[in-house]
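The structure under discussion appears below in the form of structure tokens.
Chain IDs A, B, C and D follow the sequence of writing; residue 1 opens each chain.
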Amino acid sequence: MVKKIQRSRIISVFGGRKADPKQCEDAEAIGRAIAERGWILLCGGRSGIMEAVSRGCNEAGGLTVGILPGTDDSDANSFVSIPIATGIGLARNEILACACDAAVAIGGKYGTLSEIGHALQYGKSVIVLGSWDIPGTIAVHSAEEAVLTLDSIMKSKELS
Amino acid sequence: MVKKIQRSRIISVFGGRKADPKQCEDAEAIGRAIAERGWILLCGGRSGIMEAVSRGCNEAGGLTVGILPGTDDSDANSFVSIPIATGIGLARNEILACACDAAVAIGGKYGTLSEIGHALQYGKSVIVLGSWDIPGTIAVHSAEEAVLTLDSIMKSKELS
Amino acid sequence: MVKKIQRSRIISVFGGRKADPKQCEDAEAIGRAIAERGWILLCGGRSGIMEAVSRGCNEAGGLTVGILPGTDDSDANSFVSIPIATGIGLARNEILACACDAAVAIGGKYGTLSEIGHALQYGKSVIVLGSWDIPGTIAVHSAEEAVLTLDSIMKSKELS
Amino acid sequence: MVKKIQRSRIISVFGGRKADPKQCEDAEAIGRAIAERGWILLCGGRSGIMEAVSRGCNEAGGLTVGILPGTDDSDANSFVSIPIATGIGLARNEILACACDAAVAIGGKYGTLSEIGHALQYGKSVIVLGSWDIPGTIAVHSAEEAVLTLDSIMKSKELS
């Protein structure tokens, strides 16, 4: 008999192509935590924060789906398990916001801002770490705090 | 002989479906100014700020293109001259940002925030009036100041 | 008092970047007819059939909206009145199908095929002239016949 | 040391929400074959052919990514492992075409036609089984033949 899939939670991580070492370290730790919990990582699939979080997720045996702006899957960083070459450019930011159960923004510039805006518009929980200070987001000060917050958000979703 | 079109400038106006009377008055004034300068108004095509700015543009004989999220052109407010029913949902926010020569954000919530993020990512000038206070935008305090600022931005584009 | 806009009909013309002189002549004639009826022309905004139909529309004083795949409005052909740089690549084909009251396909290859598929999925009338032979489309054999067919489709929409 | 991911091949399966039992059986067999080869299945994530191919893939322990038109992941059929709720409506058809290494169309109507058009425009190999007869596609007459053809296409990609 075929079993109905109990699908995994999907966590989007927003963040730019430019990132300092500390931010990348944080992203990597968050990627590891996502994998360890059996969640799926969704991200923009490219360099910087996107690569760091994918690397962390990969290290811990997790699955990363990279929603790429271009038409070429080889634009994905080396740690993306499933590159989705959309061809829709920066409109793919909306998909990252729409398809997740919760999101974490790490650093980032205007692309990240658009992702935060879209995610809040969809009513998603958005944790921000050294990123845009936008009312409605949940500001945290470390990767550990980001993960603890994700844990309690996901726990509350189970209960509801 | 056929003449090559000297295309009109396109100004996007961002803003939400909920707006107070003062914001709508400002939006209407800005819509009128856009029409009076022969520019084309691009907006989300729906209610609130979008309707007010379309009304102002229409009053002054201008052309409003409404980029609608849904598949039904009758979702457009009554003052949209050209409704473009995209069917791509909130990803249409990216088009409003991409297709303009400059943008004005009036009030607004998270959808507007996503539009500001996308527009800044594309390097567009974004004037904000009682809207999100985001570094890189140009804050103004009245509809008149918004229009004067648009004038000088458009003037600088001609010279360059 | 402000009048509610009685919006113009929107006709999409599908067709590729490569086109022979006869197809371009037909496209130009159809563009002229669209303009003469006060309809708005929607097309992909680029070269080949898209340019020919835009030229015809422009010659007759009509308005062409070009839904461009890229982020640069200067990709538009010289006869597009309102270039909408979407940045969403070939996904813009779906918008051409979604936003029109009826469509005409002239020649074209696979991009045109995707547009026909999308338009039929939306239940739009699709007239084909030397283009894909797809059940559900209305095949015509000349630009004149295409225009007569458009006339009767638009007339039936008024009555309904 | 972290290993660079050798990413899996992605096969898109196109097909409509309405399908007869024989088509569903074929879709299921093709889904199983995709899983057995360690490829990832990409599909529209909904009912009919999409559900049948997802079921087959799931039975054989494979991974299905469902690119959904709407904003609600619960629209996915029960056998989708990773639902991606895009919110971009039928424009998501373009992503199914863009993101794959090869595609199989089974039955289907106009949505499937748009996917075939997009995939051929991207230069992808498109195998058709009881679907649209479009020049440039590879027509097969059974699920087995579809799988053999996929095998040889994937083999030729390895060599190149």
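Simple rule for what comes next: contacts are C-beta pairs under 8 Å (C-beta built on N, C-alpha and C of every residue); 3 or more make two chains touch, one makes a residue touch a chain.
Treat the numbers as computed from the prediction; the structure is a model and nothing was measured.
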Which chain maximises the distance between its CA centroid and that of subunit A?
C
Same vs different contact residues, subunit A with subunit B, by half of numbers used
same
Where the CA atoms of subunit A average out and where those of subunit B average out, how many Å apart are those spots?
31
Between subunit B and subunit D, tell me the centre distance in angstrom, where each centre is the average of that chain's C-alpha atoms.
40
Where in subunit A do residues touch two or more of the other chains?
71, 86-91, 94-95, 98, 122
What residues of subunit A sit close enough to touch subunit C in their complex?
71, 86-91
Please output the residues of subunit B touching subunit A within their complex, sorted ascending.
88-91, 93-95, 98, 109-118, 120-122, 134, 136
Can you tell me which positions in subunit A touch subunit D when the two form their complex?
2-5, 7-8, 10, 40, 42, 55, 58-59, 63, 65, 67, 71, 73, 76, 78-88, 91, 94-95, 98-99, 122
